[in-house]
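Structure first, commentary second.
Lettered A, B, C and D in written order, each chain numbered from 1.
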Amino acid sequence: MSTRGQRILLWTTPAAGALFAVACLLFPVFSPPLSPAMPPEEVAAFFRTNVTGILGVVILCNLIAGSLVPLFAVAAVQISRTATSSSVFTYAYIMCVGVSITAFILADYCWGVAAFRPERDPQLISLLNDMAWFFFIAPVGSIAVQNLCLALSIYLDARPDPIFPRWVAHFNIAIAALLIPGAFSILYKSGPLAWDGAVSFTLRLLVFATYIVVMFLVLLRIVNRQGSEREVLA
Amino acid sequence: MNERVEVADNPAAGTSPSWRRHPKLDQWIAFWIVPGFFTLFGIVFVPLSFMMPPRSPGSSTPEIVGFMQSHNLLIACAILTLSFGLAPITNACYVMQVKRMSVSPVFRYTIIVGATTGAIVGMLFPMFCFGLGAFRTGYDPPILAMLFDFGYLAYIGSLGCFCIMWMAFGLAILLDRNNILPKWLGYYTVWQYLTELMAAPVWIATSGPFAWDGLMTFWFAMALYVPWQIIVYLCIYRAIKNQPVHELENAQFVVASSLPATRPTAHA
Amino acid sequence: MTSYIRSPLVIVWALLTVVTVASWLTARDGGSSHQVNIAVTVVVLLIAALKTQLVIWHFMEVRNSPGWLRAVMHLWLAALFALLLGVYFSFR
Amino acid sequence: MTEVAQGQTAGIGEPRRDGRTGRHLPGEGSMWFFVIGDLVIFGAYFVAYMFYRGQHPDLFLQSQARLNQDIGAVNTVMLLTSSLFVALGTSAARSGKVADAVRLFVIALGFGAAFPLLKLFEYVPEVTAGLTPGTNAFFMFYYVMTGLHLCHVLLGLVVLGFVVRELRISPNPRISFVETGATYWHMVDVLWLILFALFYLMR
């Protein structure tokens, strides 16, 4: 079985990553990130003055929302190839990817709906904005579990010549640990843990970007090494 | 888990620590996460936030505001946000056993999709409705009341994704010829489907036995669901324990290692 | 096929149908003014219990089943109708 | 037991005697687990209905008066007749008369299929007259319980279909499968008998 399909899908990742980076840099809500302490009237005013920028990025993100899925799908295939006794982590990984992507899409929608009619009651605009930030920053539970599934599969790989290098497991656990504080962003309105803070926002996005780049390179090497070996399908 | 202790006494093969050589370790890790996850859930839902048993849909506005803006609710939501990723592991345990059955892969793919959508609409979304209400003081009471309704309706009234999941799971058990899980568990799973049907009226009734905190929709469903959840895990425990080593997906590597192939089955 | 008409099951079925019609007529007469009517309720519920017993016993073949199953079925039937009547009368 | 004496002359329609014990569990044991459980669950629902009925007797009585008792009674006879043919079919299959069994099960399927159709004639006028689950507690109970039962009926029709299929295509039909399907169908009948009394007839 050839790995051509995996390689083709894997190579969509750089394009997806570039589009996400552009979206992130262009998004008015992120430069600088809106403070959670902002009163509803100011949030509404912000949306009124930035309709074009917000809607543009929202539509772009709506289109590219799932474009990192191929990377995760290739990761899932490689997880299923590790010699563990079952596919349990592959299944958990796939479900987590579905949940994470949906949370991102919901965040996108909430920002979009807020910008669609910015003259709406400021309370509602603020509510939509809060909800969008919640969905964007907080649901790290699924990403963390995703990484842990990958890491455990690597640790437990019984092959004499393991699929993944062992450091990838450590790396995934480190990434999970760095992402986890994001869950507590809903408890704070200021400081590093608030959704515009150094830990929940800046660190989180940088960590995630690093993760995508590293995983892309790792998977590229693994898929190239896989050669004609049969894929173990879940 | 006594197998693991004994295996640990074996001389390690290669450079890996010996605990990693236990052939079913991945399944056992996933399995033991489950009770932990449900215990955490129980603590967060009941004594921490009093989200469960459900508040009455007929609560007065001050009651709703008081509940929605309690700090404990916010902490509960943060904990759930952190741990809801364990739900897919829970479901992966079912899916793995379905994979071992003699049935078509459509069953496990159906369960995967049902579980994914279920985690989103049945957990992520209601959690954020409650979290949002608690996050910002100063929302208008009608907005809080809407989030309250949305949260409970999405949590208790999410039907279709679980229907399809229980249907696929129950049918897979009934059609299976490998006897991975007992047949009567398949029939019990049919009642899970029944409880989802019973929960449909929560979208209509605002009080009485069919409201989301009602006897018919909530308490009877709980009386069926809680034992089911426990029984299903006992059955999955047995299924993992009884799985012969040569059927494991890593069998070719495990048999070659220091562990004798017959050893774990001797405990089964 | 005609030999099936002489089956004992047909007699059971005839009995079931007759009591169904009887309970239906009872309820119609008693129900013209839709008042609480204890007599109608008791008759109707007892007929339902009888019919349930007949179906379980003869159609489901519980009469030839192991003792535990017959015990369970009797217990269920007795408990259900006792509870139904008990709850009914507790609100009188 | 008087049946034991009859056992020697067991003819058509008489259940087979199990040579070893004289007692025989019809169908699979797991189906009986389901049947008993389902009866207990429905029993709990029935008692809950009686309880809430007792709290608002007038409301329930007035609402009950608006149901169509005639269709209810006809449906009862439909299910009873269907059950009779299922029972006859089961015993025919047991005594090896597969062609008869197929015919009897098809007739049973016909009577069974009349049930949802008649139910439709019952529901549609009620809903168009504004009697929906949201109307009051009685109609909520009525729609939920009859709806739940209707789901059982539809599932039962599918099961009967599979029984017919087994009898037709299998050279050596599994009697236990036929018995399992029959047991389920009789349970559906039992549930309706009680539903009919509680929702349509009692005062």
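Rule of thumb we're sticking to: a contact is a pair of C-beta atoms (placed from the backbone, for glycine too) under 8 Å apart; a residue touches a chain by one contact, two chains touch by 3 or more.
What you see is a predicted model; the values in this text were computed from it and never measured.
Remark: among chain pairs C-D and B-D, C-D carries the greater number of C-beta contacts. On a Cα centroid basis, the chain most remote from chain C in this structure is A. Mean C-alpha positions place chain A and chain C at a centre distance of 61 Å. Centre-to-centre, using mean CA coordinates, chain C is 13 Å away from chain D. The distance from the centre of chain B to the centre of chain D, with each centre set as the mean of the Cα atoms, comes to 33 Å. As a whole-number value, the distance joining the C-alpha centres of chain B and chain C reads 41 Å.
With chains as nodes and touching pairs as edges, the resulting graph is an open line. In this structure, the chains touch in the following pairs: A-B, B-D, C-D.
Across the complex, chain C meets chain D through its residues 1, 3-4, 6-10, 12-13, 16-17, 20-21, 23-24, 26-28, 30-31, 34-38, 40-41, 44-45, 47-48, 51-52, 55-56, 58-61, 63-67, 69, 72-73, 76, 79-80, 83-84, 87-88, 90-91. Per the touch definition, chain A reaches chain B in the complex via residues 36, 40, 83-89, 91-92, 94-96, 98-99, 102-103, 106, 123-124, 126-127, 130-131, 134-135, 138-146, 149, 152-153, 155-156, 158-160, 180, 183-184, 186-187, 232, 234.
Of all the residues in chain D, the ones that touch chain C in their complex are 3, 11-15, 17-18, 21-26, 32, 36, 39-40, 43, 46-47, 50-51, 53-55, 57, 61-62, 64-65, 69, 73, 76-77, 80-81, 83-84, 86-88, 91-92, 100, 103-104, 182-183, 186-187, 189-190, 193-194, 196-198, 200-203. Of all the residues in chain B, the ones that touch chain A in their complex are 14, 20-21, 23-27, 29-30, 74-75, 77-78, 80-86, 88-89, 91-93, 95-96, 99, 108, 112-113, 115-117, 119-120, 124-125, 128, 131-132, 135-136, 138-140, 143, 243, 248-250, 252-254, 257.
Taken together, the chain D residues at the contact with chain B in this complex read 28-31, 33-34, 37-38, 41, 44-45, 48, 52, 133-134, 137, 140-141, 144, 147-148, 151.
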